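Following this message is one structure expressed as structure tokens.
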Amino acid sequence: MLYRTAGQFKTSYRADQALFPVRQDAILLGLVLILTWVIFPLTASEFAFQTLLIPILIYALAAMGLNILTGFAGQLSLGTGAFMGVGAYACYKLITIFPWMNPVVAILLSGVFSAGIGVAFGIPSLRIKGFYLAIATLAAQFFLVWLFEKWSWLYNDNASGAIQVPNIETLGVWVAGPQAASITQYYVVLIVVTLMTVLCINLTRGTLGRTWKATRDMDIAAELIGINLMRSKLTAFAISSYVVGVSGALFVFMWRGAAEPNLFDIQLSFRVLFIAIIGGLGSIMGNYLGAILIVGLPVVLNTLPATFGLPISSATVEHLNIMIVGALIIFFLIIEPHGLNQLWRLIREKLIIWPFPH
Amino acid sequence: QELYVPNLAYRTGPFAATGIPLMNGQADYMAMLNARDGGIGGAKLNFEECETGYSTEKGVECYEKTKGRAIVTQPWSTGITLQVLPKTNVDEIPILAPGYGFSPMADGKVFQWAYNTPAGYWDAASMILQYLDGQGGLDGKKIAFLHLDHPYGKEPLPLLEKKAGEMGFELVPIPVGLKEMQNQSAQWLQIRRERPDYVVMWGWGAMNAGAITEAVKTKFPMENMVGVWWSGHDADLKIVGADGAGYKSISWSFPNADAPVMADIKTHVVDAGNSQSNEEEMAGVFYSRGIVISAILAEAIRVAQEEYGTAEIDASQLRWGLENIDMSEARIEELGLTGMVPPFSTSCANHTGHSGGWMLEWDGEKFVKVSDLLSADLEDYQGLIGEKAQEYADANAPWPVNEGCEG
Amino acid sequence: MADAAAGKAPLLEVNNIEVIYNHVILVLKGVSLTVREGGITALLGGNGAGKTTTLKAISNLLHSERGEVTKGTILYRGERVAHLDPAALVKKGVIQVMEGRHCFEHLTVEENLLTGAYTRGDGKAAIEADLEMVYTYFPRLKERRKSQAGYTSGGEQQMCAIGRALMSRPETILLDEPSMGLAPQLVEQIFEIVRAVNEGEGVSFLLAEQNTNVALRYAHTGYILESGRVVMEGSAESLRENPDVKEFYLGMSEEGRKSFRDVRSYRRRKRWLA
Amino acid sequence: MYDYVIQPFVEMVEAPDFLLQVLWEGLVSGILYALIALGFVLIFRSSRIFNFAQGIMVVFAALTLVGLHAMGVPAWIAVAATLFVMFLLAVAIERVVLRPLVGQPDIILFMATIGITLFLIGLGEIIFGGENKVMITEELGIPTGDFVLEPWGGLLILQHLDITVVVVATLLVGALLAFLNYTRMGRAIRALGDDHQAALSVGISLQTIWVLVWFIAGIIALVTGIAWGARAGVSFALEVIAYKALPVLMLGGLESITGAIIGGLMIGILEKLFEIYWGQPFLGGNTETWFAFVLALIVLLFRPQGLFGERIIERV
Amino acid sequence: MEMRNITLRFGGVVAIQDISFDIREGEIRAIIGPNGAGKSSMLNIISGFYTASEGEILFRGAPRPAMKPYEVARTGVARTFQNIALFEGMTVLDNVMTGRLTHMHSGILSQALWWGGAQREEVANREIVEKVIDFLEIQAIRKTPVGRLPYGLKKRVELARALAAEPTLLLLDEPMAGMNVEEKEDMSRFILDVNDEFGTTIVLIEHDMGVVMDLSDRVVVMDYGKKIGDGPPDEVRANQDVIDAYLGVPHE
């Protein structure tokens, strides 16, 4: 009876298109917002900020970017890691060339670069489909990482070949670099991620979103009903890469503090893909659920043996960890191939008809 | 009473093969101290491992997890070291990166919290060149520098480039991508085309075995191939066995089965069933290196305890300890590390110690020493250290520098 | 003809089954039916009535669509078959021809037919002989034997699918909408073949069909399914004479067949909206 | 211009023995790529599953073999036992992973194989540890010497091992092709790839076929593992070479055995040539990390289904 | 619209051979013929999915230049498909809304911001779509994902999507396949009403002779790529070629 939609009538199309047509959902969202904006920052430890809160937000954003491309527009990409890299390197160059630039502005700008490169690598998608396209995006993945390694201008000719985030001060607080406090970085990330989420939701529920979904579900039919496939696919690549690029910039500037080229390796792409898929392709909220699971799970697993005082060596824990994550991925795919988001929807459907089984 | 000295170990991932013996050596030595002496100065050592799999990401996570109580952090990869380096400055925890990390860390004035005892990569490069020079001069020769395409592999490049000009040899850098470690035929074809007089190798993990097997296959004369200390792992050479005879590696550690410390480890750790190692591994170079690394840390703890008169030292007290290690011959004997590590000492400005090292050679079954103790030509790169350290500090401004220490 | 079949033993019995998709969507709400040996049984009903679902429940193909039988039993020759996998069922002689043809696009027509003989162990010669038999039923297939099935026309694909089923030497064929999208001539032709196979080889058919008119002409008995329930059953003649069937399934009212142009009111009973 | 375009060819002509060596090395790595790709193709054909776990299966097979031998099992018995383990693995994967996921979208199954990869990495490291191990080349009776030829007064080294690999791979491919095209099982495998549901409906047992196919992929993995292991030792780092199979597949076509072979050879040889004559002199080396992908990408622009892939049937 | 000497080949296969016919404004034009005759291919040519190997298409008297399918759609041609081509991952409402895409033009930025232009456009188009939904009586399934719908309803949603585009030319490829008589009656009604109310020109492919004969104004008969008959229904029904090739036994 708690979750009951009956009786909430909509009287205008506008109301029907509201983000949360169901009152309970709006309340739930309010709770989540209070948690993330007030309660977490007040209570979280340094460890929680660094290993849970900040990375979960950043990974969720990256997955959201990927989800636009893969979940909404149906173009499977395995090059997310490299596009995050483009965002990160672009941000690094912006900050070092224009030291006066506001870091948030720099982060938002750096997405533009990855969007450009995303479009360039998206062009083959007009002809190549499915797994062939996925492998083709690997060309971007490997080529870009190679470029990060070889093009020393990108990392200002540092001897180590890595980029290091300098200390950046804005409005009297350190927002990036080793001097910055975790809580500041958390808020910066939160602001950017919230902004991006709102934009993504708007894009995916409107005309563009429908264009993408049509392209995804059946591109031939989409073209025949008047969708310009090239435009549809390329905008998906551009916007997806933009979001991914921004997340890459956040990744390095607001969390890692430094990066070497192989950080943006294929493993990163897979990680983001896991999040998107476990969360649910074609959903925005799912990315958060996926990120919580994929980022949070190993952290929790790591602390378990110590909590129970089990005498297992850390290496074994790590091996078990890998096994468990692998097994869980399979497990979640089996119980709900359409991701956590869908699981949530099913629960909701059950709640609506509760206490009747059908 | 307990001292928390965690280790960001890696026993998994593509580099596990080289990590495991090192971690075992480190852990066994600490376990031995706990069993034999009840720790150091009465304080037990908590030598917990946090598994990184050599991944920078996991490494940072481990650092964040342990930094609350830890008095030292041992990041165990150049990548992780680079990442936590600026953080340790803020968190005020010493990084101990024995024989790896960022070469300019030798400058204690700039890198107050970082230590790469007993020798750094530039020491290694300098000694290798010195040794090769001794084999008949380097003027007009050609050296192929086969290295991992990764911050670690690039470390010695600035020095090698500088020395190439000075000593008159030609340097051909040949990078090996992380994905090509197992399949280096392109690199070795290049070596065959270039016909270098020597191959100097900066390899790690699976890259070493790959390079050594390729060298044997392409019939490169093994005696003209020299590796840094991380490329001198017994297991890598065992793959080719006798065909690898003549291969050399510089090292600041050496296994000595007769050293008292080995006997102690055997009685207190191995016989008690607390070791993860085995006999074959314990006879190897890397296991002994693990022991030496732990011994250095233990020594620093002891020095700090004496200075501050407390068994439970904190991170900044340990930092003082690390700056005042004096591993003299006598002290090495006392610790039972006979012949396992060259003498060295650190100071406020000198965070490396520049211990020098021996050239080891694979005789087909094991590594043997083929040189006296070599020592690096510090003057060659003292300037370079200062310069690069300053560059780093500038890029990371505001970067607190320890003005108090001179010389 | 119908009387001949009626006397025979029940071959397949479906008792009161329920099917749920995706754990929440209840599609069949207690369907029971009987297929007699040597007969042609038609399963009729509008869109979404659950015909396909019933057939899939019998041949155990629901699993891969996240559907499951939650209640009731299915007996084949008196034996429960619900736990068998589809392959075992084919060995027992029950084979399904799926809705929408489902040929193996990249295999040639002949290879498609040969896959039908997959479960058989009676040697090459027998299979060759049956291949010839199928080609005599469907001469068109012989012409196109070497072309990839994906590029053949709809009718050819339908023939290919039926032929493929025949290759397994079945006792019972579950045939799902054989007439969909076929030219009238072909529809007749295919039903003629169904009858020929039924009479010649003694194969029993369970036939899901929209085209009530044709189906009732060839079938012996029929069931009418609506919203997951059987609402009517009986011999083909009795169904044909039933006024409701006449009006809603055959498009005839008292005055005879009406032109589509003249139908002025929407007479739908909005079954699926309920 | 001259430097980039003409000079490399001049070099090739000037040192033909070296060029031959380059081609030979390319050929051998090409064959090895192709072997991994074969495993992919087989599984893809029968189930449209893009089996990412093929790489780790190679490692797993090799580790099991070496591990069993280290426990004192004679070499050939260890091979048999390893095959049995691969069979069990195939059964387990079918039971636990594939069966519940029948009929799901491709990408879900793809993800599941990545799950399998992670699981096997963890399991393998717990059982076998992460150290580099030596392949039991001699114990298996694989020749290890080399031929040294001197064409045009130059030098050409051919490893016996490599020659063995080339021969074994050729036989394996021949056998596979015959199996797929001329047997009942082979036809069923191809049918299954086109349409699960229809295959089920004609009585093809998914279970049997999948176990069979994964087992064959396991056998291929073992052969690949022995071959690579003999070259570079056996460790988890081997897994990364599996990525090289991807452009091979793309170039050859995901469902074509012939494609896998030709694609493998093309990529092996071309990437070596490019790296030696262009990559190293002009681009700072290591172009092998991406060359194959870019090459495949360019080919795909002209033939979206790869050189030998099945034509994508697009109709409405 | 007029088709002149259209020929279409796939490799060696000739799917359509030298066919000409015309479509008059406002009429219902049926195409019939045995399976594989090339009917769908002809529709594909009209909607731009295939380009004719030879021949030309005249649109309102002027030759139509080579166009991408989406450009054709924007000239007011909408269609349904033989094997349903709905967007399975979307709800019915969204599917029908895609039909409006050719009429919606707000930019990416305004969409990202949502409030303002994009929303107004969305609401305006939603109204049109709701009218179509009402018309086809699919209100109740508005929010259902189409993947779950039964076949017949899917066909209707497809029609709704095509209608939402407010086309001038509507191409229907076997809209009544797999329906029973009652459903066919409804569908016929919709088709006639569209034709009457909006004056939409309709091209219809259908195998049910009853439907074809009752609805269409003129019929083209194709057989193996050739045209074997053209004219009003009754005339075609009596044509012996047509009976031989297609109808088989005289219907009813």
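A, B, C, D and E are the chain letters, set down in written order, and residue numbers restart from 1 in every chain.
Everything that follows uses one rule, which is that a residue touches a chain if its C-beta (ideal position, glycine included) is under 8 Å from a C-beta of that chain, and two chains touch if they have at least 3 such contacts.
Just so we're on the same page, UniProt names per chain: A, D = Branched-chain amino acid ABC transporter permease; C, E = ABC transporter ATP-binding protein.
Just so it is clear, the model here is predicted, and its values are computed rather than measured.
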Under the touch definition above, the chains in contact with both chain A and chain C are D, E
For chain B and chain C, the contact-path distance works out to 2
At what distance in angstrom does the C-alpha mean of chain D lie from that of chain C?
44
When centres are defined as mean Cα positions, the distance from chain B to chain E in whole Å is 74
Round to the nearest whole Å and give the separation of the Cα centres of chain B and chain D.
37
Could you say which residues in chain C touch two or more other chains, in rising order?
151
Chain B residues touching 2+ other chains are 11-12, 149, 177-178
Where does chain D touch two or more other chains at once, residue-wise?
125, 243, 284, 286, 289, 316
If you look only at chain B, which of its residues touch chain A in the complex?
9, 11-12, 48-51, 53, 55-57, 60-61, 64-65, 68, 78-79, 82-83, 86-87, 89-90, 102, 149-151, 154-155, 157-158, 177-178, 276, 388, 392, 395-398
Report the residues of chain A in contact with chain E in the complex, numbered from low to high.
13-14, 17, 199, 202-203, 206-208, 210-211, 213-214, 216-218, 220-229, 235, 239, 282
Complex contact set, residues of chain E against chain C:
10, 13, 32-37, 82-83, 137, 140-141, 148-153, 174, 177-186, 188-189, 192, 207-211, 214-215, 246-249, 251-252
Help me check something: in the complex, which residues belonging to chain D touch chain A?
50, 96-97, 100-101, 104-108, 110-112, 114-123, 125-126, 243, 246-247, 249-250, 254, 283-284, 286-287, 289-290, 293-294, 296-297, 300-301, 304-306, 312, 314, 316
Residues on chain A engaged by chain C in the complex (per definition of touch)
346, 349-350, 358
